[in-house]
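In the two complexes that follow, chain A is the common piece, with chain B as its partner first and chain C second.
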Partner chain A sequence: MHIAEGFLPPAHAIGWTIAAAPFVVHGARAVVKEVRENPESTLLLGAAGAFTFVLSAIKLPSITGSSSHPTGTGLGAVLFRPPVMALLGTVVLLFQALLLAHGGLTTLGANAFSMAVVGPWAGYAAYRLVRRSGGGLLPGVFAAMAVADLATYVTTALQLAWAHPDAASGFAGAAAKFLSVFAFTQVPLAIGEGLLGVLLFRVLVVSARPELERLGVLRRTPEPDQAPVPEPTPGAER
Partner chain B sequence: MRRHLVTALLVLAVIALFATPLLLDGASEYAGTDSQATALIEESDAGYEPWFESVFSPGSSEIESGLFALQAALGGGVLGYVLGRLKGRRTAEQTAGKALTPPTTP
Partner chain C sequence: MTGLAIDDAAWASAWRLRSPADKLLLSGGLVLAALVLPAWPGSVLVGLAAVVLALGPARVPARTFGRAVRLPLAFILIGALTAVVQVGDGGLGWAPDAATQAGGLVAHAVAGSAAVLLLATTTPMSDLLPALHRLRVPDAVVEVASVTYRMLFVLLTSLSTIREAQAARMGHAGIRNSYRSSGMLAAAVLTRSWDRARRLSDGLAGRGMETGLRVLPEVLPSSPRFVAATLAGLAALVTVSALT
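Entry: the complex of A and B
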């Protein structure tokens, strides 16, 4: 989904940068606020950023005979809501634009908009939809990861079609072409990413239960066979 | 036991998902979709000239794959650290819980 450096005309490059900037700034403030108010969130924030870092570095083969990479932005969107991922996703894109010649500075705005804004929000919407209709946490996580991944690539295809409409068939023709490159390849990757998200959440549900309850991902339900844990007296721990 | 089985099946499913294309069509180049899109622009919008060059380009594919590996290593390292700490915290809580709350006599 990385639009290569210089491959968006200046007007589009500037437009997408302006469109993405408020989300990224808002995301940065959301991260700072989260860390300041709940320092114990830092670990999970690190996990969300790290997950995107790993997944977007790995290009995977798909049945269409081409390869592409997952985005991993659904995890943080479920844990901390989408704004946080606007910052974390953009950091990943910046790393790749500066060190890997993958994506670019002129296309950073457009790429951030697809991967760090549209992806997380679409994934979060899918998660809420599954939970609202009675689905469990893990199906919700699967939907969030898969939809965030797919939505990112569909957005990229539309961005490219807008910037480079087909000479004969215009925007629609170009969109069909770019979608045929991006969308089908991405389907198995989105499923794989969903499964990875489920794997990770199965660990988090056991190890990070207090955080998940505080973040509202899990409902606070004291286990029936367990006595309520007494609150530690303040200052007693040191 | 059942928990481990589900984990193993999930891991197998992920591996199968990405191994299947390689087994079915080992001859394909599996070109990246990003570069396919770039090629598509060059073909359909032939008059378009990229107006900006990457500030830094890895000199060879070896360097490039090394930097990608670095990115994955950073992410994997942090993720492993977090999961390890969470797991260790839980283990510590369990041992502390056992030591602090003696079974109440009925």
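Entry: the complex of A and C
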């Protein structure tokens, strides 16, 4: 859910840009450091950005009848960590504004805050929590993707409520309105995106295990020829 | 054809060879005017100016521009209606000045979207990214964004080809199959993106270009007449809004 161009008053547009800036700058520093240490990661990070953009072109059938598009921020947070996602997410939002007319330029800060900062961090926190409490990879991925989506939608609804408070009941009334109106599409989308994540990782675990190990999502399994050879016990030949 | 109508329009536009800085000044000015000036007549004039410039001198196809403006319209209309519904003790009702408020919100948003589209449909992303250097964005970040732009078309083609193949095998018949196929589709596109990145990286390293692919940016000189006309037009917009 992207806030369209011109939908936020100037003060809010500036405020959200300032709020998102430190996270995006932190992400940019992480990317600069990564590229300095491993120059080849420019291409891998570019590929990750392109994948996040392309993911929004996949149509998910929704229970409410309409089709929705996954945002991929939870997936990005699991694969590439939230700081990098803050930068990649902002780049993708800029591309979406200029190539798909989704979102806008003055609302880029607000959209980056909800989709590239709050979404990935909330999704990653949910993922770590599930993994720490003994959950497997797939429940963790489901939690990351569903929570990232829900957190993004709640943040956007609150941003809209703050910008356009209700004439009678103020911010609280406006928040209730925006949360309930967008819940029809966003809650089924969050569940759908969680399911998509599980199906995606079931394939990745089989077909892209080395990449998942390199990204630290899966623990490295020792190579068969490097596995420690047990010492022959005396008399074992007999 | 790249698969993204706005990008196709940008490459084919009559303003393609104009300086990106000139076009940024015009669109940026219009975006700010749509945001800051009152909805009537400011936003309406901004919207009209953006549409006339895009369809007239920039020769953007009306169909592409119309479709692109329609995209954010669902969000704008639902958002504006939600904003002017009032939650009171007696249930839901309209806010006192609902029509004016909703009209103002829609006018600001549609005019702003049209102004952004004027830039998007006349300037390809590869012309805009070098401008980020001037905003002191680190080279590594601009390079990652450039790779993203170059790679997304290949991935979009992969996505539609795989989806077509899945659909031909009844892969999207029913919700269950559709989810399964979408998961496999996303996995295939992700592994292809990694594979392509690795092959590109190996190819560049083999040519001694370990710090990325550096190319000379196309020099598109600024036009003093265009800049003067932009400033005069924006000043006229502000004056008309202030006088009304």
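Operating definition for what follows: the second predicted complex is superposed on the first by the 182 of 238 C-alpha atoms of A that agree within 3 Å, B and C clash if a C-alpha of one lies under 4 Å from a C-alpha of the other, contacts with A are read in each partner's own complex, and residues count from 1 in each chain.
Simple rule for what comes next: contacts are C-beta pairs under 8 Å (C-beta built on N, C-alpha and C of every residue); 3 or more make two chains touch, one makes a residue touch a chain.
As the structure is a computational prediction, the values presented were derived from the model and not from experiment.
Visitor: After lining up the shared chain so the two structures overlap, which partner does A:Asp166 touch, if you call chain B first and chain C second: first, second, both or neither?
Guide: Both: A:Asp166 reaches chain B and chain C.
Visitor: Which partner chains sit in contact with A:Ala176 here, chain B, chain C, both or neither? Use first/second/both/neither.
Guide: second
Visitor: Touch check for A:Val31: first (chain B), second (chain C), both, or neither?
Guide: In the superposition, A:Val31 touches chain C alone.
Visitor: Of the two partner chains, chain B (first) and chain C (second), which one does A:Leu196 touch, if any: first, second, both, or neither?
Guide: Once the two structures are laid over each other on A, A:Leu196 reaches both partners.
Visitor: Check the residue A:Phe80 against both partner chains and state whether it touches chain B (first), chain C (second), both, or neither.
Guide: In the superposed model, A:Phe80 contacts neither chain B nor chain C.
Visitor: For A:Gln96, is the partner it touches chain B (first), chain C (second), both, or none of the two (neither)?
Guide: A:Gln96 contacts chain B only, not chain C.
Visitor: Which partner does A:Pro39 contact after superposing on A: first (chain B), second (chain C), both, neither?
Guide: Touch partner of A:Pro39: chain C, not chain B.
Visitor: Classify the contacts of A:Pro188 with the two partner chains as first (chain B alone), second (chain C alone), both, or neither.
Guide: In the superposition, A:Pro188 touches chain B alone.
Visitor: Which residues of chain A are in contact with chain B in one complex and with chain C in the other?
Guide: 1-7, 9-10, 43-44, 46-47, 49-51, 53-55, 57-61, 95, 97-102, 104-106, 160, 164, 166-167, 174, 177-178, 181-182, 192, 195-196, 198-199, 202-204, 207-208
Visitor: Inside the complex, what are the residues of chain C that reach chain A?
Guide: Those residues of chain C that touch chain A are 4, 6-7, 28, 31-32, 34-36, 43, 68-69, 71-72, 75-76, 78-79, 82-83, 85-88, 95-96, 105, 108-113, 115-117, 119-120, 125, 128, 137-138, 140-141, 143-152, 154-156, 159, 175, 178-180, 182-191, 193-194, 196-198, 200-201, 204-205, 210-212.
Visitor: In their complex, what parts of chain A are in touch with chain B?
Guide: 1-7, 9-10, 43-44, 46-47, 49-63, 65-68, 95-102, 104-106, 153, 156-157, 160, 164, 166-167, 174, 177-178, 181-182, 185-186, 188, 191-192, 195-196, 198-199, 202-204, 206-208, 227, 229
Visitor: Which of the residues in chain A come into contact with chain C in the complex?
Guide: Going through chain A, the ones touching chain C are 1-7, 9-10, 13, 28, 31-32, 35-36, 39-40, 42-51, 53-55, 57-61, 70, 87-88, 91-92, 94-95, 97-106, 160, 164, 166-169, 173-174, 176-178, 181-182, 192, 195-196, 198-200, 202-204, 207-208, 211.
Visitor: Along chain B, where are the residues that touch chain A in the complex?
Guide: Chain B reaches chain A through residues 3, 6-7, 10-11, 13-14, 17-18, 20-22, 24-25, 28-38, 40-41, 44-45, 48, 50-58, 64, 67-69, 71-72, 74-79, 81-83, 85-87, 89-90, 97, 101.
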